[in-house]
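Here the chain labels run A, B, C and D in written order, and each chain numbers its own residues starting at 1.
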Amino acid sequence: MTRPGVVSEEEIRDLGFGAVVAGESRQRLLNRDGSFNVERRGLRLSSSLSLYHLLLTTAWTRFAGLLVGSYLLFNAAFAVAFLLCGPDALSGGGDAGFARAFFFSVETFSTIGYGIVGPVGMAANLVVTAEALVGLLWLALATGLLFARFSRPTAKVLFSRTAVIAPYHGIKAFEFRIANARSSQLTEVQAKVVFVRFEEVGGRAVRRFYPLALERDSVTFFPLAWTIVHPIDESSPLRGVTSDELRARDGEFLVLLTGVEETFAQRVHARSSYKWDEIVWGAKFSDILRHPRGNEVMTMDVGRLNAIEPTA
Amino acid sequence: MTRPGVVSEEEIRDLGFGAVVAGESRQRLLNRDGSFNVERRGLRLSSSLSLYHLLLTTAWTRFAGLLVGSYLLFNAAFAVAFLLCGPDALSGGGDAGFARAFFFSVETFSTIGYGIVGPVGMAANLVVTAEALVGLLWLALATGLLFARFSRPTAKVLFSRTAVIAPYHGIKAFEFRIANARSSQLTEVQAKVVFVRFEEVGGRAVRRFYPLALERDSVTFFPLAWTIVHPIDESSPLRGVTSDELRARDGEFLVLLTGVEETFAQRVHARSSYKWDEIVWGAKFSDILRHPRGNEVMTMDVGRLNAIEPTA
Amino acid sequence: MTRPGVVSEEEIRDLGFGAVVAGESRQRLLNRDGSFNVERRGLRLSSSLSLYHLLLTTAWTRFAGLLVGSYLLFNAAFAVAFLLCGPDALSGGGDAGFARAFFFSVETFSTIGYGIVGPVGMAANLVVTAEALVGLLWLALATGLLFARFSRPTAKVLFSRTAVIAPYHGIKAFEFRIANARSSQLTEVQAKVVFVRFEEVGGRAVRRFYPLALERDSVTFFPLAWTIVHPIDESSPLRGVTSDELRARDGEFLVLLTGVEETFAQRVHARSSYKWDEIVWGAKFSDILRHPRGNEVMTMDVGRLNAIEPTA
Amino acid sequence: MTRPGVVSEEEIRDLGFGAVVAGESRQRLLNRDGSFNVERRGLRLSSSLSLYHLLLTTAWTRFAGLLVGSYLLFNAAFAVAFLLCGPDALSGGGDAGFARAFFFSVETFSTIGYGIVGPVGMAANLVVTAEALVGLLWLALATGLLFARFSRPTAKVLFSRTAVIAPYHGIKAFEFRIANARSSQLTEVQAKVVFVRFEEVGGRAVRRFYPLALERDSVTFFPLAWTIVHPIDESSPLRGVTSDELRARDGEFLVLLTGVEETFAQRVHARSSYKWDEIVWGAKFSDILRHPRGNEVMTMDVGRLNAIEPTA
């Protein structure tokens, strides 16, 4: 029951949603940040390595918070351990108490070791032995994670907040705009856009997938912005579709980009999607470039990525 | 003497088993974890780098054990070295003896250096010089190995414990199921399945290889589970094969997967195999997905990867 | 209005300059060092990660300067913090003052901790706690950045200072020469050369792009120098072009190279361009190789990369 | 003047030897270890990064030697600096002299800092400030280099010491054998073999290159040994060539391999060559595999890689 221009069940699987896409959920398939709107259950932590993945991909501010937090927590825990060794486990440095134990823990964990306070007896020395190891491994882990974060190739492609239906060579076109938010180059960038909508099949609403032909689907270099254009011509599945129809059928445009990040020379992916309520009809993107004259250098204002203007 | 549908001797080599596949061993070719059922001899340690490879690929718990064990061992060894320097080699810190030497070794190896105990004389100071270097290199090695482990692209593809012979569009199909056990995405996943069985050639049992045509042999994204299906149609080498025949001929299904791990954007491999006794006849895989309704998010229960149910 | 041999507007985009190339700027498109002659505005620091990119790609001398500078700055800042804790915050070590605070800060930051000077009271100990963490993270960051710099695949392709228009098999050819400035090998090197000039279209000067056919556009290995040659034959857009014409039309030759760096086995890019005033007419490249005789090893003198000699 | 089966001058360049291959040197083109028999001159150290490349690619024993040597050298140099600060620059710890300065330097460089000996005065403290920084950077560099060495994808392909001219399906074949010396897998291995010999052209001996057709030029997996075979059939440039002729014409077989190293999933290269005096006529390779029976595991004896036996 495959019609021309329609993605077959086989091709649906290529998008990685398997049989589930035929379900009845009205949730979007792809979130704006490119993550799949899917939950996995039944994986043990050690198997899914979600902690590790989190440490690699979390924001830098949160990663810094985790480093500081774990440093304080380890030191507090070892301070308690020193206190549990008894009142004579530490010598020197004035008043016994949590503060002395904590600051002694700090100089042990960080391997400073002033030696003004010192461990006394077997128990305290064993705690020192453990804390020294933990401190060294903490440093090794922090360094290792920092490296892994640094050397991970990442693209940050900015997608325009909205897509537009704009005039295009006498017909209309579905358009959105992307920009490279990193100072490093992206090369060999390829784009794939798929239109999804619900259709009635035997009285049941099922999702149908339509790949959209693009005016241009790849660029060798991507130093500036790129407006990705699907002309709504005779062969387009959007031919004659109205705004109301798009809303009634829960229309969604899936965007899949791949490219090569130049600093680490590795292939990176970016995904996003536009739902029917993120599309502006009868608008076009404003110029993002300041046209240079004479001897000026070309400039692009990324802040204007989302700027659109109505068309007649 | 090549028959259509049979893999020639040339193609056998493509699987990397060389001439040995024609041997008489009834051992499986691929282990369930994807390692080759092959032993290499005659390689020196320094040449095969097996220690390094072990440190990179061993489980995290074992790696942690190696770190702790080597830390304690180095400190004990240097403690003995300090004791061998004589009774006056260390000053301060109470009772001379192994304990004092060991804990002094700890603060030297870890570069804490409280200084309550200190080295006296040339011998003890030379041991300190050596231990400081060993401690720094131990830290550098631990850190370097941690990075290398972190930055290594790895896929953990879960294979269903059994394969099934299930009804499929009026005929039967050989099917197994895989899931991505990592929270990171796998993209551009490709599957290759080869059927191996013993056949009589001139009175001798030799292995024959048959590549199996798949309903679908690649997916662009792989966020959920994927059931890999070989329809047993007219052209299938499994056409008319029974369970008993499969057992008599030591049937084995080799599975080779490649994909791109998204976090590090590198190509990864996964292999496995199903022997005749890991195939369930007349069963199908139970649904791994909870079909969403309305505004629910799609969910997949990886714990149900192995769940099969009998068919009529 | 596309003429044969002319790059269409579509193809222009492939070079990543988008619509801007049709502008009126007489600035070169590519700088000699391969960077795009383009400015991006409106990116926040955290988004463009320009600090990180700078730390990765800046020269080693400057990177070393940043390490030393930040080390001194952190120590000075914590010295001030210790002084702010009051005159009794540090004990021992002679004269109170900035020098004592600074040197105590050094032994804390670097985790030496002689303990001859020591912190007294809650405030000084909290500063120690903070400085120990900052010192550890500084070390982790320095180490992480060093790895990231080390493990980043980089090519350093030297381009001859000038290109030449040289005699070639009875006709002329546009030629330039490149050499690998690294001791590691570059493999699978591919070259693309595009000629750009202004042309009058409807009374307006617009840029036109012409890809140039090369005598050879790829090499598997690149151990020595490579002279890249575009023969100016009947089909060449340079056919009949004079030096004066090139200057009047602001001619520029864009060069795009890709290859695989062998040490890290990753794809690297190099770009450069030659403007009309960097081309020598009626010259050829001098021999860069010392032709070996008998049992001598072949040698290449990279210092002679730019050497040209006039032709009759 | 290109004859069929002969590599043209264009194709010669593909091997990266440029015009030099037409020279008169009788030196081999490729060394047995795969390095090019070429010298580059005129590159400044900073440009060629040869120190860095050396540190990355030198043997582990030599790398360890460099670490230990630099550690001792730095400590000795700073010991001299402390001595130059005057007799009162260090306090405590018994006899002043080089030994005390050296061991104090060790505890400063390694950041141990017992504090039994301590710096006195501005000069000694400034030396401490410098040494602490140098010690931290030494550790960061050592760690960074260790990582870079660890994470570098390397293949160690063993080539049989000799190639053979062996009987092959009624004709003869040029054969050599390779094995993977690493415990990690090599996948997607491709081989290219080029035959080079001197020929008289206009009274001058010039090198001619002939690519050799292989029975099989790639394998997907490479767990065991692989015998690479060029059948000397009607179309072979070796047709009718004798041992004496090969010697007179300085025959050399260049071998170029590429593959994907599985641990780091990156493309690696291996090269080697066989000269006329490294070829055994009328021999074949002995079995490297122990043929398994019943339930034994297959084993390969890498030590037998070079084993050949005469043929009738």
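Just so we're on the same page, contacts are C-beta pairs under 8 Å (C-beta built on N, C-alpha and C of every residue); 3 or more make two chains touch, one makes a residue touch a chain.
Note that the structure is a prediction, hence the values are computed from the model and not measured.
A.B. asks: Along the graph of touching chains, what's the shortest path length in steps from chain A to chain C?
C.D. replies: Shortest path length, in steps: 1.
A.B. asks: Using only Cα atoms to place each chain's centre, name the chain farthest from chain D.
C.D. replies: Using the mean of the C-alpha atoms as each chain's centre, the farthest one from chain D is A.
A.B. asks: If contact pairs are compared by residue number, which of B-C, A-C or A-D agrees with A-B in over half of them?
C.D. replies: Within B-C, A-C or A-D, the interface duplicating A-B belongs to A-C.
A.B. asks: Copies chain C and chain D touch; is their interface built from the same residue numbers (over half shared) or different ones?
C.D. replies: Under half of the interface numbering overlaps between copies: different.
A.B. asks: When contacts are scored as defined above, which chain pair ends up with more C-beta pairs, B-C or B-D?
C.D. replies: B-D
A.B. asks: What whole-number Å value describes the gap between the mean CA coordinates of chain B and chain C?
C.D. replies: Using C-alpha averages as centres, the distance is 39 Å.
A.B. asks: Find the geometric centre of each of chain B and chain D from their Cα atoms only, then give the gap between the two centres in Å, rounded to an integer.
C.D. replies: That pair's centroid distance is 28 Å.
A.B. asks: In chain B, which residues are in touch with two or more of the other chains?
C.D. replies: In chain B, the residues touching two or more other chains are 107, 111-115, 139, 143, 147, 151, 266.
A.B. asks: Would you tell me which residues of chain B are touching chain A in their complex?
C.D. replies: 60, 67-68, 71, 75, 93-94, 99, 102-103, 106-107, 109-116, 139, 142-143, 146-147, 149-151, 156, 181-185, 187, 215-216, 218-226, 260, 262-266, 289, 291-305
A.B. asks: Residue numbers of chain D touching chain A in their complex, please.
C.D. replies: Touch list, chain D to chain A: 111-115, 143, 147.
A.B. asks: What residues on chain B touch chain D, complex-wise?
C.D. replies: 10, 13-20, 23-27, 36-43, 46-50, 52-53, 56-57, 107-108, 111-115, 118-120, 122, 125, 128-129, 132-133, 135-137, 139-141, 143-145, 147-148, 151-153, 256, 261, 266-269
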